[in-house]
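One structure is given below, represented as structure tokens, and several questions about it will come after.
Labels A, B, C, D and E are assigned to the chains in the order they are written; within every chain, residues are numbered from 1.
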């Protein structure tokens, strides 16, 4: 799963498989992070603006 | 009736007492399952009736079946967010919840099923990228994460949680980019549904299950995705209908259901054509090349006869497909439900055949058919997800605004 | 707590629009939440990195404080004088009592540890329960012959300066697995130069194999 | 400052987020996995230097050489000894399981005294001194009562130093009752004694034979030295024909070049039918028959009475037609069998059923042995010969006192050598009947059992148990909690073969005399003692003449003195091939009255009134039960994966047993599908098999290889003792059958019993 | 049908089992238990819940008395070379955690119980049922722990195990060779416990690529066949039998035979 795990190999099957995996994980992770940060900012901004 | 802040506004819910009794009943079943699960975890898999010939058994079937049925989530999501069938937004929440239940159950079953649960993470860390099961595990977990992400905003819409500003925003923001998650989910689903098909399809030591295909993907890879896309939504329709019956009110408008049914119907129709083609090729070319005749797989044992093929393809394939693609069939409520039920049974039978019948068929000529009946622990742990699903659905339905059309269809005053 | 909860908003609304500072005060809950998050984060980071490793391992003393250096001075064939290959190619590992008592039937010097060794083990003919720093799990087949004879490696390459030690250092045992800490390495993150010889997890084997032979090897090469 | 629930939630989130960034979860995850890989309850075998010790396996009379791999002080594996002539580096499943006897769960760990009722399983551990003095006390008491002859000793074999020691002890003490359990060799030995006048074990030089005609003998199922037979079978597969005459398609029949199915119990008739064809077609060895035999042609005795010879007998009574009718073997087959046998270069005929734990009928044995005479293949390489035991050092004669002398003059309790059965040496199967029918107190007052388990191996277990219950003093020397040990008063556990010295005489049925030496491979695991040492100690504490008969300090000293010249070589190699034997020194020298091979044995006290009874003939052994009531015939069968003798099947071997032989705790009875169809039974069905002697719950296995009307059952199950890995599995065949004494020899001949099947 | 794989330099250890010689005595099974620390339970009659790295099947020709014949067939892991290319046995590629692999230098299919987490996919993949699952915690009663072989790890509950061709003996032989400065390992130095014990010498073991080894010639015997050749699992265990019905029982039908209507013989085990 990681380049430092025993089974890792820099070959095509690994790159395809894990490439896809990390691609998906990145999208999901980035999307989620975006939502969380955006929501936190929204929350603060809203509180600053004083309306609920 | 009650109106605590926990319950969404403007909808009717049953009394606390009635709800508690219902939950207690389901909880008792759940506890039974949990006890069996405890036995399996602490005493080992000897608690099951599995054996060296039946390494996969009831659980794995249940796993495959719930994943196929949970396919409603990704396919409805695909139709809603990517194709843009806006009408389906009225059922997408429920599809997501059902998918969430199915996939969390699947993961739980896998955790019970493996002999060394504490080492389960090896499948990720020491992943063998050539194994279909690895692909299943990764996609399953990732997709489960996606489903959770899709489920969360619905949870945050609970009136009480919605009052928390952060959660309110989070819910809103997640909704906004839901299409991205949904697309990822579709991608993941395509692969793991397919890989589940690949699980048996790649076994070239098992002429009953082995299929040729494209590159590393056997035909079952595509057939499984296809059938999940076809039958998953049927399960969503079925559960929606059961929920409506139990709560005694209409939750989703007919046109929504019928749109979904129509798409399912066409998916099912095309799937079954492909399945028939696959079966013919397998029976006439693949299996004979491995030294087996078609009837070897359907004779010489007390259970598996040609009937199971007829059941799967004709009764639970062609028949529901015909019902669902004809307007008359869809519009007659009882016919529609018959079609939906048959489709659901069909996909379950397919998974059974591909896993359990596969293991029953003797390959070495001097071995006999292997027959198996599950132990109570297996049954209990298989029913556990059902009870768990009922609990989650009940809670979701009571406290979350799952059905956008509910208020409109059931005006409180 | 509850009453606080109820009172707080009152005081909040009591001073509306008193500028930035009070604005923060009003919305202080946000910052406090953040502060608590940071406290939790830093606290757990500190606990996990600083205290956890010591909690995970228990420390044991060797039964006899063995002086490798001293022995190296009096034997002729270096390490293999005591840690020899048997005829069948297997490696003897830690010498058994019989090997030791060849010389130590009677005290050779005045070292109290030697005296202890003779009294507690040689006389009653009891095997010494040495704690092996590099003990591998049972599933591992490590061929000393392949490394020392086949690949001509030096003992020091893996075991470091063990031969030059004058005292037996404490043996740290993983409370969960029962293994020596040497296997994982003393640095919990497995970074930096290893303290005593090489780290001996499978990945460490693989790294060297990859470097020297070009591949990590088949399972059965090193497993039984 | 406002600290509320949300703050704590936030703290929690922080802790979780922080922890994921520490080694804690990841290292723990790894360590927990490593813990599962090394569960403390899953043993880890200790490493260490390995050594190999050579010894000899004594678990059966095969005497295979073994090498035991040791790691430090643990024995970890038994393999065959490559240089041993019997097994040449290979081994049978029993020998390979040897360490399960050493370390297994059924060992008796110390001397025991019974405290509950007999067989109740309540024991008290005692010291060896107490054990020896208890035995001494009883023996003294019996001598004082002038009843030394009421002591009997059942020992596993009568060959080797331990039986000699026991025999010497009994002689000095005053009892003639040394008894060896029955085996097929009783019949062989008696037959060659009668026909050749030679005493000794019968060896079959199958290595050099090219045609083996086996009358139901389990050549590949544990007969003789089992590994020797399997070795021979495997190594010269193409150069030797094996013909198996048997009712059931046994493993031997299956692997034979030809299987001749036969009606049960008619093997003797077939042998004579074959003789008929050979004589009729003049296929016999003319020179041997003309020069070296007596009783082939008709003859006239000293009184002028005319007697018929073997030739006349078989020509008159055993024409292929008659024999075909009796045996069910077609006439053409009989003729072919005869021609092939006769034309072979080195043909051997072998009789005796299965693995050979049953003596069988003397006349059948003689009939089959006649075939060996007809081809003149006796006392020749590639033939049948009598081997004598290698000579050990001679010991001083035993001086005995009056009590002992009077005791020794008493008839043997089993009747062997008496007026009724003058030729028999041991008749253990008669013991239960003798005791049970005795009026008043039991003729056996004290019974010692070593290397034997009569409560399991004797037919009619119920009667045996009743008899043993009448014996007031019962001592077992068994290393294991077997049936006899668990019913005895004292258990004085012997070392198992890996812990003790013992000489192993020439392997059963082998031509080449070999002495093997079992050596202590490991130190005794438990508080056990060599039976030889116990005998010496008992002798010592009995004092006077008995003590004087034993000038040795301990068994090892005694053994060394007995093996004298061989000792060093034995210590080093583990076995010695005794030289002179290879030359077949007894070739064509028969010790009969006529100096010839006698078809008509003159050793019988007087010529029989009925010549046909004196000559090798077919006198069918009646089997118990009425055909109307019991329409089927039940036969036992032996298998390599199941020991049926005194040694209980070890767990490893039980594990190899097919699920068509044993399922759960229930044994299968083999039945022909046609027979099953008649009673409407189907595969795997549960049923009760009933014989005149008992009933047993079984399951049915439909097997085409068993003759219709016959059912078969494996021997070796139905143990009630040993450990849970053996006890309670299946049925002891001896529960279902009783002994039938051969009117000629007294030997047990019961090869089967009538039975019926009641479907459950 | 008898395909050859690999060049002459790599070893391909395998065995040839002469069914004409096998008498079903069970020595191979017991030798295997003893060598490989295979545990035993009270009831071992459920053969699908019984750890056997080599199991003897009894085949019959199904003909009625007295034309019945039986044949014993010992079946260890077939150490398949696999379909198409070298090193793709049915079980190896399916393992999600690489607990089993194909060793290119010896052709042995390994199984590492400590890596295995018990998903049993490999068991489903193996047509020979050569892979066994540890349904129970192994127990060695009384002092039987003492006879455990230190060269073979005991397995824990919840993992798959199978025949390793006694690979630890190869490791030991290799150690000795290293010590003696040898490259080659002699044929006699590396023999699995079953082959060593077999009293009829029915089991021959060696390097199928090495013309000096006995198996090299035997595998080309006209009596030779392999189980289920049509699946292209390409086993390294060859069987010899002079009987047509036995050879037919090993494959579903024979090469030169026209396909029978139903190719499955009614052969009971």
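One rule holds in what follows: a contact is a pair of C-beta atoms (placed from the backbone, for glycine too) under 8 Å apart; a residue touches a chain by one contact, two chains touch by 3 or more.
What you see is a predicted model; the values in this text were computed from it and never measured.
A.B. asks: Hey, what chains does subunit A share as contacts with subunit E?
C.D. replies: Chains touching both subunit A and subunit E: B, C.
A.B. asks: Could you pull out the chain whose C-alpha mean position is farthest off from that of subunit B?
C.D. replies: So the chain farthest away from subunit B turns out to be D.
A.B. asks: By the contact definition above, name the pair with the higher C-beta contact count: D-E or B-D.
C.D. replies: Result of the comparison of D-E and B-D: D-E.
A.B. asks: For which chain is the distance between its Cα centroid and the global protein Cα centroid smallest?
C.D. replies: Given all protein C-alpha atoms shown, the central chain works out to be E.
A.B. asks: Look at all chain centres (mean of CA atoms) and spot the one farthest from the centre of subunit C.
C.D. replies: D
A.B. asks: What's the distance between the Cα centroids of subunit A and subunit D, rounded to whole Å?
C.D. replies: Those two chain centres are 75 Å apart.
A.B. asks: Could you tell me the distance, in whole angstrom, between the mean C-alpha positions of subunit A and subunit C?
C.D. replies: Here subunit A and subunit C have centroids separated by 34 Å.
A.B. asks: Give, as an integer number of Å, the spacing between the C-alpha centres of subunit D and subunit C.
C.D. replies: 58
A.B. asks: Based only on mean CA positions, could you tell me how far subunit B sits from subunit E in angstrom?
C.D. replies: Subunit B and subunit E have C-alpha centres separated by 39 Å.
A.B. asks: For subunit A, which residues are shared contacts with two or more other chains?
C.D. replies: Each of 5-7, 43, 47 in subunit A touches at least two other chains.
A.B. asks: Note the residues in subunit D that touch 2 or more other chains, in rising order.
C.D. replies: 32, 35-37, 44-45, 47-48
A.B. asks: Mind pulling the subunit E residues that touch 2 or more other chains?
C.D. replies: Within subunit E, the residues that touch at least two other chains are 46, 50, 98-99, 114-115, 137, 153-154, 156-157, 269.
A.B. asks: Which chains are in touch, pair by pair?
C.D. replies: A-B, A-C, B-D, B-E, C-D, C-E, D-E
A.B. asks: So in the complex, the part of subunit A that touches subunit C is made up of which residues?
C.D. replies: Of all residues in subunit A, those touching subunit C are 4-6, 43-44, 47-48, 50.
A.B. asks: In the complex formed with subunit B, which residues of subunit A make contact?
C.D. replies: Where subunit A meets subunit B, its residues are 1-2, 5-7, 13-14, 16-18, 20-21, 24-25, 27-28, 31-32, 34-36, 38-40, 42-43, 46-47, 52.
A.B. asks: Mind listing the subunit E positions that touch subunit D in their complex?
C.D. replies: Touching subunit D from subunit E are residues 20-21, 23-27, 29-31, 33-35, 37, 40, 42-47, 50, 52, 56, 58, 60, 62-66, 68-72, 114, 137-138, 140-150, 153-157, 193, 196-202, 269.
A.B. asks: Spell out the residues on subunit C that touch subunit A in their complex, using ranges where they run on.
C.D. replies: 16, 23, 26-27, 30, 202-203, 206, 216
A.B. asks: Show me the residue ranges of subunit B that touch subunit E in the complex, using the header's touch definition.
C.D. replies: 44-46, 50-56, 113-117, 119-120, 122-123, 126-128, 130-134, 137, 199-200, 202-207, 288-293, 295-296, 299-300, 358-359, 363-368, 370
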